[in-house]
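Quick one: the structure is below, questions incoming.
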Amino acid sequence: MPRMTEHMAARAERSIRMGMVGGGQDAFIGAVHRMAAQLDESMRLVAGALSSTPEKAIASGLALGLDESRCYGSWQDMLVGELALPENERIEVVTIVTPNHVHFKVAMAALEAGFHVVCDKPLVLTVDEAEKLVAAQQASGKVFVVTYNYTGYPMVKQARELVRSGSLGEIRKVMVEYLQGWLATPLEQSGQKQADWRTDPARAGAGAMGDIGSHAENLMSYVTGLQVGSINAEAVTHVDGRKIDDDTTVLLRFCNGASGILTASQICPGCRNGLRLRVWGETGGLEWCQETPNELLETSLDGTDLIHRTGDANVGAPAADATRLPGGHPEAFIEAFANVYRAAAAAIRAGRDDGEFFDYPNVTDGARGVRFINAVIAGSGQGWIEFDA
Amino acid sequence: MPRMTEHMAARAERSIRMGMVGGGQDAFIGAVHRMAAQLDESMRLVAGALSSTPEKAIASGLALGLDESRCYGSWQDMLVGELALPENERIEVVTIVTPNHVHFKVAMAALEAGFHVVCDKPLVLTVDEAEKLVAAQQASGKVFVVTYNYTGYPMVKQARELVRSGSLGEIRKVMVEYLQGWLATPLEQSGQKQADWRTDPARAGAGAMGDIGSHAENLMSYVTGLQVGSINAEAVTHVDGRKIDDDTTVLLRFCNGASGILTASQICPGCRNGLRLRVWGETGGLEWCQETPNELLETSLDGTDLIHRTGDANVGAPAADATRLPGGHPEAFIEAFANVYRAAAAAIRAGRDDGEFFDYPNVTDGARGVRFINAVIAGSGQGWIEFDA
Amino acid sequence: MPRMTEHMAARAERSIRMGMVGGGQDAFIGAVHRMAAQLDESMRLVAGALSSTPEKAIASGLALGLDESRCYGSWQDMLVGELALPENERIEVVTIVTPNHVHFKVAMAALEAGFHVVCDKPLVLTVDEAEKLVAAQQASGKVFVVTYNYTGYPMVKQARELVRSGSLGEIRKVMVEYLQGWLATPLEQSGQKQADWRTDPARAGAGAMGDIGSHAENLMSYVTGLQVGSINAEAVTHVDGRKIDDDTTVLLRFCNGASGILTASQICPGCRNGLRLRVWGETGGLEWCQETPNELLETSLDGTDLIHRTGDANVGAPAADATRLPGGHPEAFIEAFANVYRAAAAAIRAGRDDGEFFDYPNVTDGARGVRFINAVIAGSGQGWIEFDA
Amino acid sequence: MPRMTEHMAARAERSIRMGMVGGGQDAFIGAVHRMAAQLDESMRLVAGALSSTPEKAIASGLALGLDESRCYGSWQDMLVGELALPENERIEVVTIVTPNHVHFKVAMAALEAGFHVVCDKPLVLTVDEAEKLVAAQQASGKVFVVTYNYTGYPMVKQARELVRSGSLGEIRKVMVEYLQGWLATPLEQSGQKQADWRTDPARAGAGAMGDIGSHAENLMSYVTGLQVGSINAEAVTHVDGRKIDDDTTVLLRFCNGASGILTASQICPGCRNGLRLRVWGETGGLEWCQETPNELLETSLDGTDLIHRTGDANVGAPAADATRLPGGHPEAFIEAFANVYRAAAAAIRAGRDDGEFFDYPNVTDGARGVRFINAVIAGSGQGWIEFDA
């Protein structure tokens, strides 16, 4: 095998003790968080309040092999119970994987109780909540990670490097799309749990825009570093009886003069998890697609098309550090998610909330996402409006 | 070889006598028209006024092997000269491949002189001109073909069949993009002829929107059959000193309730001729890319992904009729363009202007395109405005 | 449009007068030859003996618009009839598109009558015939083109340039495959005309090896320039009742020490026209697939993957000269075939048989192909045997 | 998210206690085994003899966080030390990730000591060793897993289902290739550790054939279920000074009459980990490539091309059970490897060595691989020889 990365080397870093809120039976994202945490043993689950129904919460914890005493019936119980344990046993971080509307109160309480936080996206439902969380995080000094997991892909990091290195020149055009098809039918009417809460305005906040548009905004911002100056949004609901947007598009004017298009849709049959970013500057361009994540196309004025690949010897350090295997051994969603966890664990060990240094999306990124979602939904159909990032 | 199509059979149809206006030395599209006309011997070039500079016009005609007497110094001379010939010798059709601003007067004069017309896109510069041409065509009864050549691809025809057959259900979302990079630099300042006129508002009308957005609008309309009800446009010029849009995006609301995004840009380094159409309905979707034209992806609610391919035994009749070779023998740009010429020749032989029956874009399609371009440029930055197709 | 090639410029070269043998109704390859000849007006069909059945031959000629006097009932009649015409009217070249077993006698007679020859592949059935034709061509000095049409693709020419430039270093491994599926069933038993003669040993000589393996051998030789030193062949018939090989593989030892694999099969359901060449040298590699002909992948020791594309400004002269359109405007099978015709016409105008200079496959290439086919079929199952190229 | 799989559900299965031999610092595959084991918590590393150098072995164990008492200086010590522990604490399985020549003695000793075994491929160096291990496993009744990890991919399992379901009809042609480029230069001369032992006949047995050809043989056998009847092999060394094959190709005759080609090469610059399998039967075909593992192409006689994708609702049970995420969330190498570990853990919990039932490659598969490697190397250059599977 051609290349060993640091990932392959032995490591003795301490695994972080994690308590999870949400993520019990039938939950998708909770299981992903657990696999991401344990792939590198970045964190290990030692406590949980895994459902809003106490019996289910406890049963889920037992099923995952948690110590009975740390299977809590509610997140409030978990915070209290853990604080009662000796410091070197109690959880260090609270991971929040509930429906969106629960994020705020759990995150606030966790910070106030002195825990670090890993929170799924979108951060919260309202701009007011987001600002309160930012303030609380700053007051606490605790590490706060928002799992915009797509930033964990090596080729996304390589894309950011290309932009930062100036290879593309000043950015002029950004296209980001996140297309799914699983809500092309009124699935929520069948009682499917995921569809149920994700299409409920009270629990999800926004629909396609909140669920996946939020990732698109973050990916675009992470790679380009550009600030959005104004937006022109169209949030549409195509499926009869649905109470939330399922197909949303936003035209963007960036502060540097670049133009952008962001579209997030869940009514595109055949689209699975079609997150794709394209960026063009004065002298070059790039394209990355989540479903073929190990390739990054770099283009140039003279027609030279280069394909960068995960694991190649000639990629930059951020991508290389996020890679576990030699070239040609594909890495994917869980590995990318695990990279966020690895960064979170490193920050927690260091006791320092520094998203730029450790390379994770922090509460500020999360708050910007919330402002963006809310501006899009509120501004839908109204032409151009300013956006204060 | 598995399959013979009608194209391979012998054919005795009469080749149409064509006179060309524009398309002399250094012209790109004139040469394409000639190859498209002669691939199937649909038409043969017998006369020409191939440049606005008389000496160059004549020299170009001689260089192409035209009879000296039919190398004209101006299009006016050509119309007069040809009318003086016996009917069975004179040209039957005038093909117009000049810069856009010349289309109108040549086309009007050709119709008035009793000739059929093949005109490059966009049809003309203004809505007023477009309406006059539509009226003149209707008065004349002559065949009028606008070379939106991308409709000539077999898989585009197959895409239209899929929509018409109801496989996709009611259409909900349309994304069409046409991305190029050749104007990412101020190429017009170097004197490059194509860049020169295509970025001159007086000769081109609009920039990216007119040159390629026009194709995107036509492709989308041809495949989906949907009518645009209102538009929300953003026409941008990114290259310093340029006088015309080079990056234009339009949000669309179709009359049936579908949502759309059309983007046309010429400042995307690495993009060559990136015309791509995606359409999703209630039950399925499709995707076609011009740079890999022999494939059409059909998707469905249950996750079944089918790839249709040019030349396959199981494609529909319109695609099969537009195919010259068995599957796996790729066909491309010139063949698709030749399909438009073949349809044009058939209509001219029949003496009947019927774009639907013979399957070519006619003056009505061209006029709609002009209205669309003008509405986009005029409405840029103004949010939603109605569009009267 | 970014780039004008010479193809787009006007040209006054004289179109060569062509007489065709074979290629009447139901023939696939005859129609392809005619389109290839007329795309650039390299040659024009003025006479024909288009079938072995005199009535059909004449009817086919009339259907193609030939002058009645030049619709011949047999190729012998055509040679006699044309020689009786004034030199500046008579055909200059005889194009042979009959089943394989007829090639030899027509080609010999054509050369002896003083005509140039364009002959479909494989050249002839036996090594003896091949040697006689080589001798006859040399004696006559006439131009002799064998339509190994895949060498006409711009990216195949670019591939050869990469090898010749030394980018890949000394070649070590060659893999060429030509996979089709149309003979996966006993189609010949249904009376399908193409299947009928192509699976008949008396008319086709060899099966998959002769029909398509022959193209694979030529493509590999054209791009790499390597000589085969010994072969280890396995010719198999999978379909019950078939009398000819339908799946043949050959291991190769090249004279320079490189290793190779050539496989030609017509029993692979789903494969259409899957000709693919991969070559690796000490320092780089390349890959080209006929079904996506406008791309050429170049790889290297350090993991840099470059994609060359037809029409790009940075490809070499042979590829650029073989290109009609700017980048992103795909060119395909007919254009590649037309490039062979263009080279043939240039050689005929010059009166000089020089395949290297004009860049076409000549009788020597054709004879090597015949030796290869025969060695493979004769040596099947016998392990390694020497091959005298 | 559209679909929950069993993987996402909570699970309380006991994690198996694992002791590892080899896999210390600078080892590639040891780290992969550990990630694969811990992704699902199938197994947990509790003891190790991680290097043949005692000090390094112990340091590596400490670095991985093992209890000091279970960081052994040699595998012999580990077996003794673990047997001295109470049964419910001691390791249950010995995972062997040393260079190939060490496999035999460790595996024999582990079985004799009553441990289950997970052994990297190829199983051992000689046929004699392989037979002894098969006998020892049968005598012991212990679970014995050979980590042919590519069988763990969901789309490989789906490919096997397609063959078993009869969709392809009787198999006629198999092509499997495994191409890498990392040994295109004499890397072993630089002292790179992986290159060093993998090109040493004493430690590796065979070169490209043993290292990766072995995977190719297993993948082909797993998917098709066919038995090889005879082989015709060519094992070549291209790099000067190398003592082992670096480019090996084998023609195959399967017992059912099918034809095959297997090629394994490590001298192809630009190839990373190019394992690709293609299979064609009477009525359909399939293609799978390791570098895009989430897609499986299924083809058919009528030209219908279907793409199966990991996570889709319409794939079969074996693929679905091996999938952790909904469609569009790519899974990759580590997840596939973890599927082998999950099956191994299930078998160990059940105390039953049943590769078919639990779906893992067992010692019989490993032994067949050894026979194949040895037959290829011994038979190289000798034409067809029988192979006794």
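Chains here go by letter, A, B, C and D, matching the order in which they are written, and residues are numbered from 1 within each.
As a convention for this text, contacts are C-beta pairs under 8 Å (C-beta built on N, C-alpha and C of every residue); 3 or more make two chains touch, one makes a residue touch a chain.
What you are looking at is a predicted structure, and each value in this text was computed from that prediction instead of being measured.
Counting steps between touching chains, the shortest path from chain B to chain D takes 1. The most distant chain from chain B, with centres taken as the mean of CA atoms, is D.
Chain geometry summary: the mean Cα position of chain C and that of chain D are 43 Å apart. Spacing of chain B relative to chain C, judged by their CA centroids, is 34 angstrom. In chain B, the residues that touch at least two other chains are 271-272, 303, 305, 309, 312, 327. Contact residues on chain A toward chain C in their complex (touch as defined above): 302-307, 309, 312-314, 327. Residue ranges of chain C in contact with chain B, taken from their complex: 1-2, 4, 7-12, 24-29, 31-32, 35, 38-41, 60, 62-65, 180, 182, 194, 271-274, 290-294, 309, 311-312, 324-335. By the touch criterion stated above, chain B contacts chain A in their complex at residues 168, 172-173, 175, 177, 181, 184-185, 232, 234, 236, 238, 247, 249, 251, 257, 259, 261, 263, 265, 267-272, 278, 280-285, 297-301, 303, 305, 381-384.
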